[in-house]
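The first chain written gets the first letter, and so on, giving A, B, C and D; residue counts start at 1 in each chain.
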Amino acid sequence: MRAAAGLIVTVTALVVVASGALIRVFDHQEYSSIWIGMWWALQTVTTVGYGDIVPKHLSGRIVGAVVMLQGVAFVTVFTALITSIFVARAARERAVDDQEREEVELRHVFERLGSIERMVDTLVRGDSTPSED
Amino acid sequence: MRAAAGLIVTVTALVVVASGALIRVFDHQEYSSIWIGMWWALQTVTTVGYGDIVPKHLSGRIVGAVVMLQGVAFVTVFTALITSIFVARAARERAVDDQEREEVELRHVFERLGSIERMVDTLVRGDSTPSED
Amino acid sequence: MRAAAGLIVTVTALVVVASGALIRVFDHQEYSSIWIGMWWALQTVTTVGYGDIVPKHLSGRIVGAVVMLQGVAFVTVFTALITSIFVARAARERAVDDQEREEVELRHVFERLGSIERMVDTLVRGDSTPSED
Amino acid sequence: MRAAAGLIVTVTALVVVASGALIRVFDHQEYSSIWIGMWWALQTVTTVGYGDIVPKHLSGRIVGAVVMLQGVAFVTVFTALITSIFVARAARERAVDDQEREEVELRHVFERLGSIERMVDTLVRGDSTPSED
């Protein structure tokens, strides 16, 4: 899970850098440098979307569409990963409590079984000794 | 769950295409083509909202309201679906461990019960054989 | 949970309507009608934020801050509610499987206990009958 | 969990206040006061992003990048925390039901063990009394 969280963060960072460079190439009238491209890509992937610099050409808008979808994928999958890490931790704590309770119950069952065993054992010995007399 | 995730993605894609066409019809002064309509719809459904092209007429804004709400529905339900898939997978792994532990415990209970059974069986046979003597 | 989801939707809808009216009062130069106020409030609460109409006065911006925070509260709590409904449903299905497996195991334990009981019962009757002879 | 939720809210509030002040210093042509800086920071951290006031200098955009990333961190971690609180509550309720069912089953096992014990006890006494005769 932690590895998957690292993977989605890395992929998203790569999408920001790559789309920042691509949008500079495709929409160079709007984007005067790669740094402005990355400023726009970060706004887009985080779904902030100020709209101070926006792609005007079709090719730039297709790059924009990919970054927007990556933004939604990032937020949903990252939220899901963190949530499942938190839920699993809480479940593991409950499982430890459950296991302890179960072990106490089992110990009681084994004590009762042991008591029966000893009584039957007494009978077995008692049965055999009189017959030896 | 995976089917539900596919369904919400499909519905959202249809909303983007349909609202892109509808906004072109309702707000044709702002939206010069269906492609610009879909560019706006994708910005809206992902909650990026650059604001480079925005509906001006009431009918266009009603379409916008539907797309915004679909955007929130998409992000929340999609996050919930992915999260529950991740949580269920983690729970299934824990359940396998639990089941193995439980089987070990049960085997011990059955061994003790088997031991008692054999001892009582000895008694039953031992009881009947002397009486036959 | 479903009641809580209904509550947060209702509260959010009320915030949109109320803030749409309030922003018209506080920032009436920017907002020419309550409908434009509600169009802005919906953009804000869904975190789309086109920026086509934005509060300029401090009082309007305070209303805006409340709507933004309500937007984040809505998305986070609504996502959490739907997720916990989905997770609980999956957990309930797993619990049914667990319970069935447990019942099969318990039935085996009871069969073994019943077999021991019958054997001991034979001994009790066998012990008493010879002594009556 | 509730402490962690309080922590992330506090950190986010501090980021809004600090970045509102910092952006005033770094981009003082765009930001005429700290209040406008905080209005921009709140828009950014909630991912609303109207774009009415946007940093123009590189230093201001670096502050903006930090606030955007804090916004995504806030929404994802806060959603994860609330979700895990809701899921844990539902799981605890199911656990109480499970425990009750388990206790009923265990009581049956102990009743059967008790019955076997009493029968074996009768045998032990029955075995010893005839031998005293």
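Annotations for the structure displayed:
Here is the rule we use: contacts are C-beta pairs under 8 Å (C-beta built on N, C-alpha and C of every residue); 3 or more make two chains touch, one makes a residue touch a chain.
Please read all numbers here as calculations on a predicted model, not as lab measurements.
Interface note: subunit A and subunit B, two copies of one sequence, contact each other through mostly non-matching residue numbers (shared numbers fall below half of all numbers used). A comparison of the A-C and A-D interfaces places the larger number of contacting C-beta pairs at A-D. Averaging C-alpha coordinates per chain places the centre of subunit A 19 Å away from that of subunit C. If you average the CA atoms of subunit A and of subunit D, the two centres end up 13 Å from each other.
Within subunit B, the positions touching two or more other chains are listed as 47-51, 75, 79, 83, 87, 91, 109, 113, 116, 120, 123, 127. Residues 35, 39, 42-43, 46-52, 74-75, 78-79, 82-83, 85-87, 89-91, 94, 98, 101, 105, 108-109, 112-113, 115-116, 119-120, 122-123, 126-127, 130 of subunit C are the ones touching subunit B in the complex. Touching subunit A in their complex are the following residues of subunit C: 47, 49-51, 79, 83, 87.
Subunit C contributes residues 1, 44, 47-51, 54, 58, 61, 64-65, 68-69, 71-72, 75-77, 79-81, 83-84, 87-88, 91-92, 95, 99, 102, 106, 109-110, 113-114, 116-117, 120-121, 123-124, 127-128, 131 to its touches with subunit D in the complex.
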